[in-house]
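Presented sequentially are two complexes of chain A, the first with chain B as partner and the second with chain C.
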Partner chain A sequence: MLILFYLFPIVEVFRYSLTDIRLDKEIYSYGISAYQYVLSNPNFWEMLKITIIFVFASMFLQLFFGLIIATLIDEGERRNLKGTLVVRLIVLMAWVIPGVIIGVIWNLFLSEANYGILNYFIQLLFNTKISFLSSQDLALYSVIIANVWRGTAFSMIILYGGLKQISEELYEAASIDGASTLDKFFKITIPQLKPVIFINMVLITIYTFNTFDMIMALTGGGPGRSTEVISLNIYNTVFGHLELGRGSVLAVILFFINLSITLFYYNFVISEE
Partner chain B sequence: MVRDKLKDYILYLSYAVISMLFLFPLLWTLSISLKEISEIFSYPPKLLPETFKLDNYVQIINNSKILTFIYNSIKISFFTVVGTLAVTIPGAFAFSRFRFKFKKPILFGLLIFQMMSPLIIAIPLYNYFNMIGLLDTHLGIIFVYVAIQIPFTTWLLKGSIDSVPASIDDAARIDGCSNFQLLTRVLIPIILPGISTAIIFNAIQSWAQFIIPFILLDNLNLFPVSLGIYNYQASGEAITIHLTAAASIFATIPTIIMFILLQRFIVSALTAGAVKG
Partner chain C sequence: MRKILIITLSLMLMFSFGVYAQDNLVTSEQIGDNEASIELSWAALPYYSLSNPYEDRENVLKDSALRFAKRNPDVKINPQVLTGDISGQMLKLLQQESAGNIPDVAQIDSFYLPIFKDKLEPLNEFLTEKEINDLVPFAKEGMLDNDGNVKALWFTTDVRMLYYRKDLIDTPPNNWDELIEVAKEVTADNNMEGFLFSAGRGEATTICNLPYFWAQGGKLINENGKPVFNEGENREYMINVFEYIKRLVDSGVTPRRVTNITLEADINGDVIGNNVAMFIGGNWQINQLAENMGREEFNKKWDIAPIPQISSDLEATAVGGWTWGITTEDPDKKAAAMRFLDEMYFGKEGMKEWTKVGGYLPTRNSIYNEYTYYSDNPWMDKIQSIMENGHVRPGYPIYTNLSTEFQVALADVIDGNKTPEEAVDSMWNNVMAEYEEMN
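For the complex of A and B:
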């Protein structure tokens, strides 16, 4: 089953990438013209730049907010505060909502029409509107914000799991030595959490490279091609322009990105054990 | 003591801010879904609808295919879960308990598949499904969904079976259990929590799956709910905003209810994953 649905298709994608095949024609010939075309196309490098900004900005912000929220919830639990469970639930809700619906929700939220509530508040405060989704310069940031909103939950819960493993005794010992809260955070929490942070980073990076549905619903890659990340680019090349060969070249590139990050992850997990 | 109390208040304040940030976009969508069309475009926008009307919901149920979409999603998710478990439970058992050739490379291969974008396999599958007539069928996409779920689920269940001590196997064997009986009568009942987690994850992911049906389905009557909503969004002018909002909320409710009921399993599975790496 896996061979049929994974191995075989992957081999096929490699084969297509070495042809000039189109979806609407039967005849094709072999050659490296598709690679030449893709790699010499300035749009490709622009798309790669957009993808990399999207992935790394999302990754850092998700990690950052995930760590803050996880620490706050963990601190609350250590102090037996009420409501930690509810906060955790609310944050995680963003993670179970289908990506398409997240795109729709953020579209409503960021819109410049009268129902775009965020712009209403901005107008009250600064007397101006921000074209979150219709400006080529800003759309990418809006997509990143929506993606961070969606992905922080995952980061938070993994890091929260890591925090639960840190023994209370370490903190008690530090308290006796007179360490401040910030000292404890930077000298105990962060070092103890390092492997989990690393794993989290790798996983988010892969997931974000593969993001498709949310962007499709939020901006569709536009305006222009300002939010067209690699997966959308592949889709548009194959099913929009029917350029199966060229699209497969891009798919091969995505495959190697996925593969190299997975190898990195695997080696790390092995070396940890 | 006073400082401690202050810290508590700061924490509570941070909880309020976090909850607001995560709830507000959702609540805004909910609010839009309950408004009349004129109210949506009025300025200034109102946080709450003037009258809470379920008209939009009634309208999408009567005049659109939302119920068909939801039925399709339930059907596809159900068969995906069943199919995935049927493959992965024996698979995980084998990976956990037996030694065989190429075991490590296969497990690593599974990991690569898990990390790979489904888009990559969808491209050639589109061509082949077209040839063998599986394009635009539920059967076709259920196969692909199952294939997508297998890697993660195998790793998950292998982890559960690994945590059962081998002495239990030995005891069962002494009592005359075959491998099959060992798995069905002894191990499956023990790893039931792991299986529940697998069911939840598979169901949530199948419900949200978009890229596969987006490429492999064309007939509106076969669309799962994620694709249906995208269709409202993509084809809809601003005039149908309230309906898109209502449909989104409607489609999200099942996952959220399931999530709240079962969140303990989800949280423990995710955090256990973090510890194991």
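For the complex of A and C:
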């Protein structure tokens, strides 16, 4: 029953992807025309490029900042510094805020209108404004920054949990051998964290591939198509253009991308272990 | 004495039961008596329903519903609320229609009406010719199908227009050249943006900028549903639109950040902050801005005018709004549904009360003239006059793609990635690829 519950919608998406079904028409036929259309459309490949930049830049930066924050908190706890719990809570707040609200918050922050907070200070200091959201060249990076702000907390929590699993004795032994802090970080912390880092990478990547609520509120996919990622395009294709068949093709492609990443994880981490 | 006490108690009991029964006739879950022989399902958006987030709207609707229930004791209405964004709501209705359980009465965005027309029942028998002729022209036209049948009741509308700072600009510009000239002067004197409008990814961008194309006589899609905006003179009109937008940005009158304005209301912050001299907005922003700035200050600073066009003798704007459709084939249910909609939203009284409390525009011309709320309102004359040149977006399936491509092309022109000609070519190629795939 449970298998049926989970499998049925997936099978339906695959079935729809092999049709030319539109939501405003009851008659449809089977075939691969939807696949042909999507794969031969230059806008699809441009969108895939944007999606890959968005996902992998977000993933690396979330991992990087998550690791730095988790390490700092862990180190703070080792040294009995006050305030580590507060830091964890503050960082986590970004993670629990709904994506749409994050989009609105970052819009207020990055906007070039008179209420744009960052541009207000930039104008005070340099007498100019930066088109964070209205330049087709910069908008994607702005969206990545907002997504990194949102996702770093998740990454931090996973890595923090991993850091807590590393035996204190390893660090003590390394200290006796005269290892520096950097030596300990690269020769104990990173190797010990490797499985957690990989799990984190996979989860962040899949989560970011599926992100569209925040982008919708921040840029709506624009200017032009500069921030239209695949998940947002699926939404627009199905809900805006009523093209269920074509939207399903995009969903199937997204499904296989996510599946490949999961298999990558199994091959490179689980099999190694 | 005992008799008097019994009679008094009996009367009190009867009265309280009466009040209870009356109150119970209208709840957010049901209108009418449980035992009523005719049962209707009615799907509305939250802001148009009895489960309304606004108390004043809910009160008006509940009063109308109570009147209906008392006059129609044989009818029971089961309300449903359409949730999600507009496209999601319309999608839900389409899915219900496919599954055979679409509500008997459904609220449909006028923009989606063409998709629903063949799924709705004709309502000719319920409307007199006089009533139909009382409607604003685009509503009258939009409600009819190709065979001339009334398929929906268009009960509210909205319109786009030029808002300008009347304390800074003596006479509103009439054409593109004048607008650029006026905006330059105001910008230089007052350190504010000259002219703002939506140019981001969203329907507001299309609906606020297409009037430039329509005013020139441009046609987006022909009677067969085929895009024609790149054919003959239409191409020239579309290029003119993009060239104008480019001129606005290149002259410094409009900042590039308009490509991040996705809704008309996104400009409200600039208006409240005294940061803009002119903008294209919707009629509903009058109330939004007046509430935020204070009605007196808003009235002192701002006025409205038709959207300036390529030459002063041309006028056009874009209109939208909401309709009701009836899906039940049962004649008794259909008649009951029509009486219900008349009482609540479409009849003269219902429409007057509803548009007044909701801040919408009525689609019956007579309401503007016969009711003081509208006839004494200084904005209404101007709005009604602007609305006369209202254009409805073409209701063909390809329109949504065309709209998206228009938004992308506009951003490309503003960002300097494409010339106006290249933008029109790219828009045409993408729309036609989609059109050919659909046919």
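Keep in mind that, in the parts below, the second predicted complex is superposed on the first by the 255 of 273 C-alpha atoms of A that agree within 3 Å, B and C clash if a C-alpha of one lies under 4 Å from a C-alpha of the other, contacts with A are read in each partner's own complex, and residues count from 1 in each chain.
Here is the rule we go by: contacts are C-beta pairs under 8 Å (C-beta built on N, C-alpha and C of every residue); 3 or more make two chains touch, one makes a residue touch a chain.
Remember, it's a predicted structure, so these values are computed and weren't measured experimentally.
Engineer: Could you classify chain B and chain C on chain A, in the superposed arrangement, as clash or fit?
Structural biologist: Aligned on chain A, chain B and chain C clash with each other.
Engineer: By the touch definition at the top of the document, which applies to A:136: first (chain B), second (chain C), both, or neither?
Structural biologist: second
Engineer: Among the partners chain B and chain C, which is in contact with a greater number of residues of chain A?
Structural biologist: B
Engineer: With both complexes overlaid on chain A, does A:147 touch chain B (first), chain C (second), both or neither?
Structural biologist: neither
Engineer: Contacts for A:220 in the overlay, against chain B (first) and chain C (second): which applies, first, second, both or neither?
Structural biologist: both
Engineer: On the A-aligned overlay, A:189 touches which partner chain: chain B = first, chain C = second, or both, or neither?
Structural biologist: neither
Engineer: Should A:113 be classified as contacting the first partner (chain B), the second (chain C), both, or neither?
Structural biologist: A:113 contacts both chain B and chain C.
Engineer: After lining up the shared chain so the two structures overlap, which partner does A:233 touch, if you call chain B first and chain C second: first, second, both or neither?
Structural biologist: Once the two structures are laid over each other on A, A:233 reaches no partner at all.
Engineer: For A:22, select first, second, both or neither according to whether it touches chain B, chain C, the two together, or no partner.
Structural biologist: So A:22 only meets chain C here.
Engineer: Is A:266 in contact with chain B, with chain C, with both, or with neither (first, second, both, neither)?
Structural biologist: Only chain B is touched by A:266; chain C is not.
Engineer: Please work out whether A:205 is in contact with chain B alone, chain C alone, both, or neither, and reply first, second, both or neither.
Structural biologist: neither
Engineer: To test your reading of the overlay: chain C has the stretches 81-89, 117-125, 207-215 or 369-377, and exactly one clashes with chain B. Name it.
Structural biologist: Only one listed stretch clashes with chain B, namely 81-89.
Engineer: Can you list the residues of chain A that touch chain B in one structure and chain C in the other?
Structural biologist: After superposing on chain A, chain A residues 23, 107, 113-115, 220, 238-239 contact both chain B and chain C.
Engineer: Spell out the part of chain C that touches chain A in their complex, as residue ranges.
Structural biologist: Residue list for chain C touching chain A: 85, 87-88, 91, 94-95, 98, 115, 199-202, 255-260, 262, 269-270, 273, 275, 397, 400-401, 404, 407-408, 411-412, 414-415, 417, 430, 433, 437-438.
Engineer: Which residues of chain A touch chain B in their complex?
Structural biologist: Contact set of chain A toward chain B: 1-2, 4-6, 8-10, 12-13, 16, 23, 69, 72, 75-76, 79, 81, 83-84, 86-94, 96-101, 103-109, 113-115, 117, 120, 149, 154, 157-162, 164-165, 181, 195-196, 199-200, 206, 209-210, 212-213, 216-217, 220, 231, 234-235, 238-239, 244, 247-248, 251, 254-255, 258-259, 261-262, 265-266, 269, 272-273.
Engineer: Quick check on the complex: what are the chain A residues that touch chain C?
Structural biologist: Chain A residues touching chain C: 22-24, 26, 33, 37, 41, 43, 107, 111-115, 131, 133-136, 139, 219-226, 228, 236, 238-242.
Engineer: Provide the residue numbers of chain B that touch chain A in the complex, in ascending order.
Structural biologist: Touch residues, chain B against chain A: 7-8, 11-12, 14-15, 18-19, 21-26, 28-29, 32, 40-45, 47, 87, 108-113, 115-121, 123-125, 127, 143-144, 146-147, 150-151, 204, 207-208, 210-211, 214-215, 225-227, 229-230, 233-234, 238, 241, 244-245, 248, 251-252, 255-256, 259-260, 263, 266-267, 270-275, 277.
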